[in-house]
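Next up, some structures in structure tokens.
Both of the next two complexes hold chain A, though its partner changes from chain B to chain C.
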Partner chain A sequence: MTTLEFTLSPEAAIRIHDAVSCLAKFNENVGFEASRDKLTINALNSSKTSSASFTLQGNTFFQSYRFASGARLPNGAEAPWTCSILNKALLSIFKDRVIVSSEGESSVERCEVSVQERPDRTQCRFGIKIFCRHGVKKIYKLTYEPIQIPRPLFDPRTCRNRWKIAAYVLKTFSEFFGPRAENLDMFHDDGRVTFTCYTEKIVFKDEVLKQPLHTAITLETADFEEFDVEDKVHAGISVKDFKAIILHAETLKASISALYSYPTRPMQLSYTENGMQCEFTLQTLGEFRGSSVAPASNVIRPTLSRPPTRQSAQGLALQEIREQTVNSMPPPPQPVGRSFSQMASQRTTRPSPPPPKASVNEESLFVPDDDEEDRVWGARNYEEEDEGELRWESARSTTISFGKLQSNSTTTRGYESAPQSEEGRIAPTQRMSQIKGLFDD
Partner chain B sequence: MSANQRPMFTAVSSSVRHLIQILKCISLSSKAHAQISDIGIRFSVQDSRVMQGFAFLQKELFSSYKYAQASEEDDHPILQISLESLLETLQIFGLSESSNRWSDNTYGGVSNILARGDPSTAFDSRLLGTAGVCKFSYARIGSPLDIILEESGITTTCELTAYEPDLLPDIPFDKAAIIQKIIIRSDLLLDAINELASTSPEKITMTASGSGRHFSLSSDGPHGSASVEFSPDPQVLETFEVVQRVTNTYKYSLIKATNRAMAMASKVSIRVDYQGVLSLQFLIELDTGLKNFIDFRFIPYLEENDQIGEDNADDFED
Partner chain C sequence: MRFKSSIKATNAFIKLTGSLSLLGKIAWMRLDNDQVRFTVIPEQGTQVWAVLSIDSIFEDDYTIQSAAGNNTINLEVPLGPLNRALKSAQNSISASIRLTKKDNAPLLSLTIVIPTPVVSGRALSHVDNQSQHHPDDGIPGNPGLRETTITQDVAVRVLPAAAVEGIHEPRSPDPEVHILLPPLMQLKAISERFTKLGLAPLRGGASTNTRTSSFIDQNTNQVGLQGGSGSGPRLEISANMHGELRIGIRTDALTVQSKWSGLSNPELDPNQVEGGDAGLANHPSTRMRNLEGEESWATVRVEGRDWGRVLGVGRMGGRVVACFCHDKALILYVYLPSDELGGGEDSVLTYYIQSYAA
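And then the complex of A and B:
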């Protein structure tokens, strides 16, 4: 029998609400993962390019916390318990409390959560009891779904770029970003950091599907609490994710730390406050530069008005699929949804992006499967990880890697029309946002 | 004949706001029945024949109230009128009280007042809501209900067609066989009903049992179930008269439809008779010190359905 019980103070209940409403911007479901001393709630977006997770420390965040697992891992340790709950259901439970508390008094006195999962019970529920003033007790029993929670792989050791800045600074300037802007590019050059928020023009036949838009904001590195970033390194992420993160960080009045290496590798934004460790792993867009640390000069755009994010967003998935490959897993299956890429490339009339650099040190792209390292980074410590779990997106077209493309003799019209580099490589595909654009418009 | 000269019923009110507030609480359907008697006007509305709402405008709400019964034998007249139109008519005042709908309240209102050559009105009757006078008049059976509204020299006359009443019997509620009577603060009930909305429920189950003064509301939805239990504390359950365990299920959307009354009222009496018919009686304390009651009656789901509610209720208690 698996038992999870914890008690929340009114303040913690409000923080749960904030976290859940932040997760709502990533996925419609919230994943819960309970282990002996902490509870993680997380969400992975549908294109699997960004993952948000909040790790709540059992002894500091909760008034009381108890977890007893009914399952054991092969090594004898307690298996974490995972489930998924509809975000909407959680939000409606934790909804009004914030409004009440903003008036100076909270009507919630205590919040108890308990889950008892027994194989012999036909009905198991995620039970939430909220004790309010006047002795009113509100009891919710939510249905949940046992799932395996995928986690992004992120190795901080490969990240040479780091900065830390107060969330309100980011919040202030993000208000200037256009509402329709999709991507955000960060670029450091000569003591100044430029955040460029942009949408690229997309034309389909004679019709302009998306108007280009650029907003650039420059900060001095002195505005940062910590700053250690190589010159001329770009990092591109989705504005929507970025805004969701800083909005949440701002409510905690936290300072956001960023860790990243180079384009196409994941970036991690994190902050810790009141026993709540918030981590966001985002796939960055950008030039595919192999293992080069100092970007080659030919990759740098002449001006910032054209952020160098031409390459397809590979998604976190790519990284994990690659890992499978490295671990002598079979190569990813044929992309099923290639027609998406094909359509998207047909409608993109802008010049084809420059070809990727020739040799890629494949090994350097993969995060070593190192449990110890995971443990250091806390949130994604999934002891029971096995390769099989990573199969969740093998069927996605976007998981195709460049290496795979190269060896893949299948060509599409889109690829044929793309100029090829001297090595005969196929030009990069388009960005994820464009693929989505097919349906958004 | 004097009956020809003098209308059967006339009433004058200078606080239309209260009439609007009360009538809005029962605006469940477009048509309402109004029964005029010598103590006031009783409005009734019904929804799907399983819910009825009653509002009573007692004669104390009017500054003048004259009703002359045609003859002793006759029943009090019942007329069916359009509640929507009645409310709209009364709100002609409401609009001009708070300046003007078509001009911006803050800026345009001033020019509006100035245009009428009455610069002193910014702080007086208009804001106090006592500016206008409203006169109801019903000449005789078959004639329309006349409403004359007067405000700062402008007179509006409305004639509301009175239809033949659809004489539907009231939902029977046997006051002699009440098996549950609970009085709580109305805002607690409102909060509980809103809380249950999180499960997007179709039905709501009300459970009360005498042992331990247990009273709870619960609902089921696609994402799970929710239930709100009230403390047995006498400060919360002010009156608690329950002999046996009572469980009944009602349609959630109908109960929810009373939320305007719930929000306005200070207390609510929740009564259930032996058939399971629920009566919600809201006590509304008007700022003039008058007390007004708004009643709702609901027919429960049949026993077979109750069984489901019963199971859930058991589940909540463990």
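And then the complex of A and C:
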């Protein structure tokens, strides 16, 4: 039997929310990996070029943390337990407004999570209980899928280049980037660092004017907290990933450290705050226009003895955790039409999953919506407005939605007010017939 | 062909490009020795002709050089990227713009110098801890006056003189009524409210009340919103020479109207009117001044959403005179305030809005 139990303080619950919404920009699922002293939540993007992971230390991040594995590794150690949960489900539970009330105070007092995976039970759920003020208790039961979590291969010893800078500085810069630019290049030359945000596209003559902004920001190496980078080395990553990372790092007021070697090899961005270790491994792009100098020959690269990872040009080299043991519990049975993940996959019949949808409008993150002037004087979007409008209350006449039953709390405000589409709603985890009424026994 | 200048009125430039970008994605930017002009001619909807004196947005170091007469340069400029690029100059130490070429593609390149962002709070203490190593960084809140340079490149197209020869401002008959509009923020809010009422029937479809839904269906057909911007709800705007303005919407379901009074009808300058004083006496607006009742009103019908976008020019903070050509067109003259701009009374934006038939 595998048991995972932990308790979150309101602050930690907010941090979970921030982490999950950051992961939403990488993949629609969140991978969990629990071991004796830490819990890791992670996501790998669909093209396997960027991986994000948050390691939560059992003794510092949580109020309490307990993990007991039902399986052993061949060497006798406890096997980690891994699973995957739909990001949307977690996001709606840890939504901002659920955790932080409108007055800015936390309405949550405590959040308990427990998973018990037993081979003799047909129903294993990821249970989340949120204890709010005034005795309101919200109970969520999520289905999960046992998966193996691939880990990016990244060897910091091969990385000659490192820098560290406050996320705030990078966030300020990212506001200057054009909304549709795709790539970000970092280049160091003679004491100056240039961040270039560009889009590599063959633009037809008539479409010249549709080209996104090309932005270059130059600052001095002295503006970094740490800086040790070879001259004339390029490092290129996706702007989307970069923005997702710095936005999260900025919420923690952290400083981001970067480690990288040369183009096409992975780069790692990381920061650690409050028992939360955040690591992003990103595949860097090939040469940007001009060429980088060849990597300095004196760099020790112990991993070169390994067969060269040719696939690294297309994606991160991933290491599957294969230490799953024989004793491992079979996946919980998932009858059709009942389980969360099955429902989800039935709806999206496309062979490849759609790109992860950020919880928040991607563009609006960086074209700040708080631009008062544009809001007042800009074109009004009549289609998307909803507030203050008289409408028939049609909800009553339609059949009761399963999604609303999922939260057993006295208030479902969080769901009702969420601008979620039919698809965005959380699918049922139980049959109606299985729901026990107040007086059934 | 050369163009280079420091930007003086960054905020006004941002507001100008922001207002224009609501009406079209691309503007024709015409620069010469004396003026900079922006013209937006969308396929459908309102045209804008903006004329600004050079010193209203550019510094004295403005240089322009072209083989064409009066050193004229014609460019096709994407307004969105230009607006965005200018926005990064909002709190800059200095900002300049120049026409250049990269890989043989013409660009408007902005060079912006900003103070290097300073981290406040916790991260600063980190700097403090290291202050023995970096004595320059030791003062919290003022870690040196370092600067960061941003360059923003906006891809543009150079238009040959022949390409713009045939483009002229629309001609319109003498307007019957000219009136100074009430505050645009108010006008915009009310207009948008009305536009929304015109759109509303579309969204009632979920109702289970059969009587209501059939009513809604009729309405939907009537309003017919699914097409482009030309087919949305129409607002009826009218004014007279007695300082009154009305704006309203009529659908099958409702009629609603707002009325302003006590507005001013500016006097025409006889020197500007064809035929001088005699011309002024025969001017349609003089006749309208003497009429009373319904026939004193000149009316136009405009597309609600397009009108809302036009009113976005309110951010420029200028005085707006609306000229009504009954049943034909509405022309707005936006006189830009000289305090916001670097000077020059001769900066004016002209909006040409065609009226729909009744």
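We take it that the second predicted complex is superposed on the first by the 272 of 441 C-alpha atoms of A that agree within 3 Å, B and C clash if a C-alpha of one lies under 4 Å from a C-alpha of the other, contacts with A are read in each partner's own complex, and residues count from 1 in each chain.
By definition in this document, contacts are C-beta pairs under 8 Å (C-beta built on N, C-alpha and C of every residue); 3 or more make two chains touch, one makes a residue touch a chain.
Computed from a predicted model, the values in this text were never measured in an experiment.
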Contacts of A:N183 with chain B and chain C, given as first, second, both or neither: neither
Contacts of A:Q268 with chain B and chain C, given as first, second, both or neither: neither
First (chain B), second (chain C), both or neither touched by A:K95: first
First, second, both or neither for A:L86, with chain B first and chain C second: first
Touched partner set for A:T172, first chain B, second chain C, both or neither: second
Which superposed partner A:K137 touches (first chain B, second chain C, both, neither): first
Touching partner for A:R125 - first (chain B), second (chain C), both, neither: first
Chain B or chain C, by number of chain A residues touched: C
Partner chain(s) touched by A:Q277 [first = chain B, second = chain C, both, neither]: neither
Footprint overlap on chain A, where chain B in one structure and chain C in the other make contact: none
Residue numbers on chain C that touch chain A, as the complex places them: 15, 18-19, 22, 25-26, 76-78, 81, 84-85, 88, 105, 107, 116-117, 119-123, 126-127, 146, 148-157, 185, 188, 192, 195-196, 199-200, 203-204, 206-209, 212, 305, 308-309, 311-315
Residues of chain B touching chain A in the complex: 188, 191-192, 194-195, 197-199, 218, 223-233, 235-236, 315-316
Partner chain B, residues of chain A touching it in the complex: 86, 88-89, 92-93, 95-96, 123, 125-126, 134-143
Partner chain C, residues of chain A touching it in the complex: 166, 168-169, 172-173, 175-176, 178-179, 203, 208-220, 222-223, 225, 253, 255, 367, 373-374, 376-380, 382, 385, 389, 391-392, 394, 397
